[in-house]
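Handing you a structure now.
For reference, chains read A, B, C and D in written order, and residue numbers begin at 1 within each chain.
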Amino acid sequence: MAQTIREGDDVLLYLSRKRTFLVKVERNKSFHTHKGYVHLEDLIGKNYGARLRSSMDTEFVALKPAIRDYIFKMLRKTQITYPKDIALIVMFSGVGPGSLVVEAGTGTGALTSALAFYVKPKGHVYSYEVRSEFIETASKNLKRSGLAEYVDIKNQDICQGIDESEIDAVILDLATPWLVISHAYSALKGGGALVSFSPTIDQVVKTVEALQENGFVDVETVECLVRRLQVARGKTRPETLMTAHTGYISFARKAIVEH
Amino acid sequence: MAQTIREGDDVLLYLSRKRTFLVKVERNKSFHTHKGYVHLEDLIGKNYGARLRSSMDTEFVALKPAIRDYIFKMLRKTQITYPKDIALIVMFSGVGPGSLVVEAGTGTGALTSALAFYVKPKGHVYSYEVRSEFIETASKNLKRSGLAEYVDIKNQDICQGIDESEIDAVILDLATPWLVISHAYSALKGGGALVSFSPTIDQVVKTVEALQENGFVDVETVECLVRRLQVARGKTRPETLMTAHTGYISFARKAIVEH
Amino acid sequence: MAQTIREGDDVLLYLSRKRTFLVKVERNKSFHTHKGYVHLEDLIGKNYGARLRSSMDTEFVALKPAIRDYIFKMLRKTQITYPKDIALIVMFSGVGPGSLVVEAGTGTGALTSALAFYVKPKGHVYSYEVRSEFIETASKNLKRSGLAEYVDIKNQDICQGIDESEIDAVILDLATPWLVISHAYSALKGGGALVSFSPTIDQVVKTVEALQENGFVDVETVECLVRRLQVARGKTRPETLMTAHTGYISFARKAIVEH
Amino acid sequence: MAQTIREGDDVLLYLSRKRTFLVKVERNKSFHTHKGYVHLEDLIGKNYGARLRSSMDTEFVALKPAIRDYIFKMLRKTQITYPKDIALIVMFSGVGPGSLVVEAGTGTGALTSALAFYVKPKGHVYSYEVRSEFIETASKNLKRSGLAEYVDIKNQDICQGIDESEIDAVILDLATPWLVISHAYSALKGGGALVSFSPTIDQVVKTVEALQENGFVDVETVECLVRRLQVARGKTRPETLMTAHTGYISFARKAIVEH
């Protein structure tokens, strides 16, 4: 059944691949861009995907924001975990519908949202954040993307310990992941996954050593590069610039000794 | 609550990062490797993650297979869609719990399994495969990974048309994706996602042109490179060899004209 | 024997890796930067490598410009052939002291200068350029880098033919390299090298086909990516951005039929 | 003037891009391959580039070995410095005709040969090698490529000091480059270049720190990735496998304090 846009819905106004705007549909409100304004009220009752025209007669498309769109819009502040890395973190951690996940730090909630999106409706994310100034932003972001009910944000230092146990995956994106490894081991199920994202080599080395010393196996570190292709008949070529580095992703699984 | 291994369960016997074995736990059966054999019966009642010793006193770890493990084990035959690509396809398509997805071709079911894993419990995957010799393998693979109930495999040529409508995402990994684009447009919801995976530039150009001519917007093509890091204090360095190319991933979203 | 800086010499004033200035040493002249000015006359009699201080007490280093520095400074206009590509073109073409080289197009003379630098003192470069507006700039650049005597710039369209024969290497960086291949074949010695640099896939395909149809063997196409590492104890990591694409480099060698 | 093949010359017998053979032309001698044998005497008097047929009627091409060919053939033993890296080392070091270069370690002489090739006819390479077992191989390789007269191989430990002074460039490819930095500083001209090639991050960090502490400026570290493109109309795509890592290349220039 086709979905129509309702008052209060989020819409991603698409102008071009590099120009999209995440807006909430409200009555008596316009959204202004350098290509003219759009009466947001006019969107009500339209189907997602609808083409519309701004006051300057420029075409926009009213898209339903996907999880990737929410993530991109949240990244403005910390600029660290890119969708490509989130995609690998989710896939390699085995997180999916029903998973119980511990995550730190919350930051602006980009990775948190992705994890919440994939664990719903039965799973849950426990997200630790020691910097209290981030918690409000993250909460607002999670609420906006409709995922708040799947997440507990905890204003605690995960380096001091993890409250939960029998967890499926622990996902770390913080400055000192190696200080969390022994706590993560305690919190995880046998065979559970640990994933850590770090920008520097030194963080990776310390974390991998901690993993090896704390009973983890299947330890692996990768980096992921994504390059865009400009596609046009007779002129196809890779784009000129690319992101050369976001961070390294380390994976491991908990092994246990049975008695 | 800890999960114990039961008769009939799949276990991933982990020897090293490059040596893992997917086995079904049965009574009166041994699993033989170049590092000795393991009595599978002995696994029953153990927790996942348990370390055990083979007849040659080599340590194995009994892991619960994650979706990534099933995918790796299924890839033996077609060797085309790598987990890194599957991860990006899933994230960029917006597929998640509850999504309705059309996919082609099924192949050995690797991408199919990943899609089924993420859409469960309420979503569904309709997977088209014209080569009947693949259908049995894919069915067996889906059954093994416990995901068969979320998938309909259809022995039909998707280039001839798509039966479903109001679909959230169409995912293509076949030789002539450009022949499917107009059918995909009809099958998708407004704003719905199309993702196509192709190894050659020529396929990409034809597909992107078909997308642009058939009412899709937000068209983007990327390639993804993953490089492993060998981590060891004082000797850390990237691995010597890597996969230089699997394929290009093209994304687009359906725009519609409202009347 | 140490080299001292003389009036009329070029000096590369180094402020930081991203801030260098190519200046000619003249009396009664200052060079102004956002970090203060330097009396160029003061450089006379100093050794290359000398540290000096600007009027704002910022340290500069007076370096002798290397061929790479000249190339970087020349690239401002066409921005196409990067030093990494020039390095591969030179190495893979076999060009060295004494080589006879045909090149097109001259452009601002960056690649021309590199070729001239390596063929001297006995070799020679014949550089074709159809766009007369480039010839003055290229001549000035070659003169400045002291390499003008090793180069003939010819205001001719290489697609119409090559005057020279028994050439060691033909190097192409122009829009339609495939139109030059048969002329290049005639101009080259048996076993001589052809190298072509092109930004788009379509140019590469046409050029490689022309090479295969015109008696060349050992045809190979590569692309080269260079990524910088930020090195600092405990914080080492690749740089955030990189050039994702400049162009593809195709190599081939002329085979002949003996009678 | 066309070059004909003479007795005693080296010829690169080309069968395919992956199958080439470096042979010395001798009378009464055959060269055997899995595609039949070639009478080497038959090559005498032919032009370079000549196509010929083996006893199994397979076509070979008799190419004049370029410096890159000698390098590839020498690399069999140490497998470390690839042509792409040699190309960047040469370009970024500023080494060219007439340069005076110090290098260590010699190894099998691959990088040494490249340096000798570019400095001739007036320049010279002083190559240090502490492992005496390599010296004979390197000497033989240099003699074969006709470059021996431009090189002094010295069976000395460069970590103990460098005999030469007023050198244009010092090129290091050895396990502990940081131990050579202060000696290199003494040996170099003002503004002279230092280039170091190392496979591990740890070597890079130590070397860069030594460069910064010993009066070098313009310090930069890069890695270079080369990917092949399979070119065929309608089927063009990057190759499946590539070398993911050979080593990092660090560059720097000597700054001096004038009194």
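Operating definition for what follows: a contact is a pair of C-beta atoms (placed from the backbone, for glycine too) under 8 Å apart; a residue touches a chain by one contact, two chains touch by 3 or more.
Fair warning: this is a prediction, and the values are worked out from it, not measured in the lab.
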| item | value |
| --- | --- |
| Shared chain contacts [chain A and chain D, defined touch] | B, C |
| Rounded Å distance, chain A centre to chain C centre (Cα mean) | 44 |
| Computed distance of Cα centres, chain D from chain C, in Å | 20 |
| Sites on chain A at which at least two other chains make contact | 201, 223, 227-228, 233, 236 |
| All touching chain pairs, where touch follows the definition stated at the start | A-B, A-C, B-D, C-D |
| List of chain A residues in touch with chain C within their complex | 199-202, 223, 227-228, 233-246 |
| Chain C residues touching chain D - in the complex, by the definition given at the top | 1-3, 14, 17, 20, 46-52, 61-64, 66-68, 83-84, 86-88, 90-94, 96-97, 114, 117-118, 120-122, 166, 189-193, 201, 204-205, 208-209, 217-229, 231-233, 236, 248, 250, 253-258 |
